[in-house]
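Just below sit the structures, each encoded as structure tokens.
Look for subunit A in each of the two complexes below; its partner is subunit B in the first and subunit C in the second.
So, the complex of A and B:
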């Protein structure tokens, strides 16, 4: 099988790069192991404020609403962080306290939403809180003992039962001006959070839960759908096992599921993530990039990988593959001419491109631009 | 009853203190146990969890060996739900002297330990994980014991017999009138509240920290702190305990326990001031992996879950020129005859294995002082939860068709598992997936077993001990703890402490899957949850 571009990694980076290329008429394939950091996306794009034009366009076309205004956002543990470019799910408050009285909703047997911490954080701001454990017949069908009372199952149930939830909240709402709900809405129907906001006669604030992140999974679903509508090939649940490289040019890769086929392309994008996604791996001796054996910026002495304080910035999180000015990664200091690296596999080696989800999007556009501008007949 | 007056006050919530309180309470004494941190925070919770057959000591310390096998048989009877009857192997590798095996077996037999020489082939069949290069093997009645569970069960039984327990409470002074100890002054380390309790006998059961408590009473007990480091592997690689058949050395015991296995230990003397904060060094990690792989080669490719270290409560011979106390392992000091201080007793030295015997000796002494004439019954009476031997039968009696989570609960709680079966399906929500701990079990530990922090919960339920090392369960359990009065602000700090404590044991072995898991945890708590 031959593509213009083959992308390794189906998370935010791979999808944004893939959509951009596919939109420009380049046949693109994405190989995705299935798990990526969108599954624990907070809903805010670190290091981004207003969306850059191409990003705003791409997300709008995928049906994903974004917004930004200066202010703060409320975190699941009841703390506040500076607002960044966010999904519509995330409320941004220009002033705080943002409410006088809040009704906090959770569900019996649901342990993924940390309302005691939320309440404590809000009460510190002088906001009066009341917690209500909301029960619906539809929810009692979920069995806590077998782990069904988790965000994903809850979200699936609430995608159809959300209107009953709205009615129940209308009944239990007293004098509160704001209702806080766990962010478990709109998994398959992106319109649900907006309809809940319209249906409840108070300010509605969705607050994140323990991962998996429902807005994150929805974002993944919508971006993947957009990529496929544009004609892209998304190989789900597959993994690149080896790459064939000659004279500094990547010719093809082999995947676990398609081990008889070489996947060939003019360009390759490494968007395989950091340690969690196995874009970077480690053993007692070193940190390495497993597919191409790329040069990695990492401390040599293992004692320098960590800060003994859990809460401190961890050096290992900054490790990433080394790239030249066009985001070509290198082997033994020599760039691979048709390979590009993007997203968190870069670690903190390219600070000008941002961090977290901001780095993912910025580097994905940078790589897509570089591919579109380069000579396709590189070989 | 004056709530501040007791017959005996026991300082130290390790296995010695907990066992001592149980024994005293069973003999009808009004007891108070004071622990500055949580149960089993010192050496009790920082060892292999090996149910010694005594074989390890048979050659060099026959007296300890005989004590071990006697207590080994007793613990199987009274602490069934804390014990895994795995049996053990002492293997001889090509680089070891096979001649030592004969000396070893003879010494075992002399101490009363069933030691059976078996064919290397049979050893390989019995324990497929063993180094196949072995040239000799001896089978002994070793096993594994969960020290947290054992300690908790002793404390629980003491409470059932009317004993009182104050955790997270520090002794700030031992109160004396002339040469007579009359009580203690304490400070609650959470609330800062100070209190005074009185009793005619105060027992120092603080292990290595006993040196400090003795100073408070005006007597000198010199401890020699020796650090031992261990590694926990993420799988139960072996089913039997595997030892090296040679003189005791570094990293020559591999113990299976619950879902994991533990290799250890090293031995390094450290300054007394460092006892509160011991850390595992990279060199020790390398040594443990290298030596451990000689016992079971698959260890070299098995994920390591964490590294931890403890301090052995070895007693210096300074004040005991005869050295007899040291050779026996157990040190029971009557400070009235030794130093002229009435009403003060120190019980130290010894081993996890011999805690019950230590408690019996010290309780005998306390009873003599108080003029109480009642025999010790701890060798016959099962601990709460241990009335039945098979946890699977226990689970079946309670639930008919128990889930794996319910079986896991029964294995941890024994017959007490019936307490968490409320019939409310929501109590069954899993808080910890790795170890299958339900909300009901967490609430039980908070309400009935004095757990007030996440680390306390870990010791009682195993939350945070599994492969995720707390990534998933810490915030869930924290929310349950936060529900207690005035709890949330404290719980926020507790959650941070818990994650820090987990990280401390993770970064020394931070590569491969461990680093991957750590990245997830650090990212989620910082950037997603906003802790």
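So, the complex of A and C:
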């Protein structure tokens, strides 16, 4: 099977690059080894300021609401972190304190949102908190013998039952100026968080839960749908096993599912992510890139890969494939002419600070532009 | 030092990093709170079961074996295989009579076929369905597949001479459904392959692929059928034939379930077994041509069956359909229809089955196609029963669009 561009990796990077190329009329395929790190997306693009024009356009066309304002967002422990460009779900505060009296809503049997930590953190800052455990008949149905409930089950139910939730909250709301809810809204209907905000006569703040991230899954669903509506081919659950490279040009790749049916393309994009997604791998001897055997920037000595202080900066998170100035990765110092690298396979992201999303978007646009400007008859 | 790199655990379960992504894509977990979900039932549970079989949880029977968890897993864990293997290893309860009947597609087919008009009439009766519901717990709201009076095997046998006249040949694993219920699909495949200059042969006595036996706790019988079938495949493959199927689930079972779940080695034949749409796509890609009706028009919505998603071959059916001139193509969102073979026939699963399929049914209604395309027979029953839309295999649509000789 032949495409103009074949992208290895179906996360934020692969999808943004794929949508841009497909929209410009280039037939594009994405091969994705299962689902991706969008499922852990905080909702903030930590390293981006205002959305660049193409990004604003692409996200709007996919039905994903973004907003920009410099400030801080509320974390699940009641602390704050700097935020600028974010999904509409995320509230960004520019004034402190962001609230005086807070009503925290959670659900009986729901353990993926630890409100006691949140309350403790907020009360330290002198913010009054009242917790209300809210039950709806629709939610009781979800609880099996163990009495536990997951974010996804909540999200699916509340996508349709959100109206009842709003009515309940209006009943229990007293003199609080702010209502805090776990971020479990709008899985399949992106309008739900906004409707909840409209329905409650107080400031509404959604706070992140344990993974998977509901706004992240929604972002994945909407971007993938957009890519497919534009005619893109998304091969989910397949894995690129090896590449056929001759004289510095990639000709085709072999995937696990399609075995001897090679996927050919004029251009290839490596958007396979970092260690989590196996875009980079390691064994006791070395850090390597498994598909092309690309040159990787990594410390020689294994003892320098990591810091024994768990919470410290971990050097291995900075490792990534080496590229020339046009994002062509290299083998033995020689760039592969029709291969581009984008996203966290480039290294230098800090997942704990959420910088991956910004790198993904910026490098995906850079690569898509380079492909659109280059001569397609490179071969 | 190579130890770490080359050692792998059963069904890759040690690769699980607890990311929870699979739980987001399990259709059962969304509707049935009794099911612990793929992460707990699969790799988490496996750790405990290896310590002590006591930890085997009977709620694993709610797994439909759709394998959507495996498609979603970023770490290559064969989650559904873990769950089904655990059921095979630890669940020694004797299958109920109902489950034995539902799983014995071969036997039921050969018994019902000679009396097809009567059987079809009787299973269509409200009274019969009421009785089956009360006695066997086969849900009365479920419609039964109809049986055909003449088997596909008999039809093809009468054309043996004509088929062997083609210079090129393939073998066809038709499966129970084509043989007993819907020979038309097999005839359509023969028509398309003949148009490509390829003749069709039967295997040396195929048996049911056995997927229904596996999921209904009859793995011993499934294993003996698998051994028989691999032998039959071997004969065909060693004669230089590719073996095609028109059912995505038969293909998955012959290629993957045999070695992974039943421990039946098929390594020498696996690559030669493929879905017919892939074979046809590859022939066309290599330059073969088909002549289509000039005035053909059909609005088609394509549903990729779960097992085809798992194999990653939906793209062949999709590209083949898109290549038919005059075919207006819509791809339906990736979602399970809820039937999962015999699962949805069981009274205790009926509600869950319909709830799982509802988003798909809803999308079909809103697209409002002339026909839904799908490579799986049980998806066909489920979608036809639940939406009223006709469902055809892509092969049949292709055959229908071919110009008359």
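Here is the rule we go by: the second predicted complex is superposed on the first by the 366 of 379 C-alpha atoms of A that agree within 3 Å, B and C clash if a C-alpha of one lies under 4 Å from a C-alpha of the other, contacts with A are read in each partner's own complex, and residues count from 1 in each chain.
We take it that a contact is a pair of C-beta atoms (placed from the backbone, for glycine too) under 8 Å apart; a residue touches a chain by one contact, two chains touch by 3 or more.
Predicted model, so just to flag it, every value in this text is computed and none were measured.
J.: Does subunit C touch more residues of subunit A than subunit B does, or is it the other way round?
T.: The larger set of subunit A residues in touch belongs to B.
J.: Can A:211 be said to touch subunit B (first), subunit C (second), both, or neither?
T.: Both subunit B and subunit C are touched by A:211.
J.: Does the superposition put A:25 against subunit B (first), subunit C (second), both, or neither?
T.: neither
J.: Thinking of the overlay built on chain A, is A:126 touched by subunit B (first), by subunit C (second), by both, or by neither?
T.: Neither subunit B nor subunit C is touched by A:126.
J.: Would you sort A:276 into first (subunit B), second (subunit C), both or neither based on which partner it touches?
T.: both
J.: Identify the partner contact of A:284: answer first if only subunit B is touched, second if only subunit C is, both if each is, neither if none is.
T.: After superposing on A, A:284 lies in contact with both subunit B and subunit C.
J.: I'd like to know which partner A:239 touches here: subunit B for first, subunit C for second, both or neither.
T.: Only subunit C; A:239 stays clear of subunit B.
J.: By the touch definition at the top of the document, which applies to A:293: first (subunit B), second (subunit C), both, or neither?
T.: The answer is neither, since A:293 touches no partner chain.
J.: Which of the two partners, first being subunit B and second being subunit C, lies in contact with A:81: first, second, both, or neither?
T.: first
J.: Under the contact rule defined above, give the subunit A residues that sit at the interface with subunit B and also at the interface with subunit C.
T.: 40, 143-145, 210-211, 276, 278, 283-284
J.: In their complex, what parts of subunit A are in touch with subunit B?
T.: Within the complex, subunit A touches subunit B at residues 37, 40-42, 46, 75-81, 108-112, 114-117, 119-120, 143-147, 149, 208, 210-211, 213, 274-276, 278, 281-284, 302-303, 305-306, 308-311, 314, 316-317, 356.
J.: Please name which positions on subunit C make contact with subunit A in the complex.
T.: 1, 4-5, 17, 19-21, 23-25, 29-30, 33-34, 37, 70-76, 271, 278, 282, 285, 309-313, 315, 319, 331, 333-334
J.: Could you list, by residue number, the parts of subunit A that touch subunit C in their complex?
T.: Going by the criterion above, the answer is residues 1, 33-36, 39-40, 141-145, 150, 152-153, 156, 210-212, 217, 225, 228, 233, 235-239, 255-261, 276-278, 283-285.
J.: Which stretch or stretches of subunit B touch subunit A in the complex?
T.: Its residues touching subunit A are 282, 403, 405, 425-426, 428-431, 433, 438-439, 472, 475-476, 478-480, 482-483, 487-489, 491-492, 496, 499-500, 502-504, 507, 510-512, 515-516, 518-520, 522-524, 526-531.
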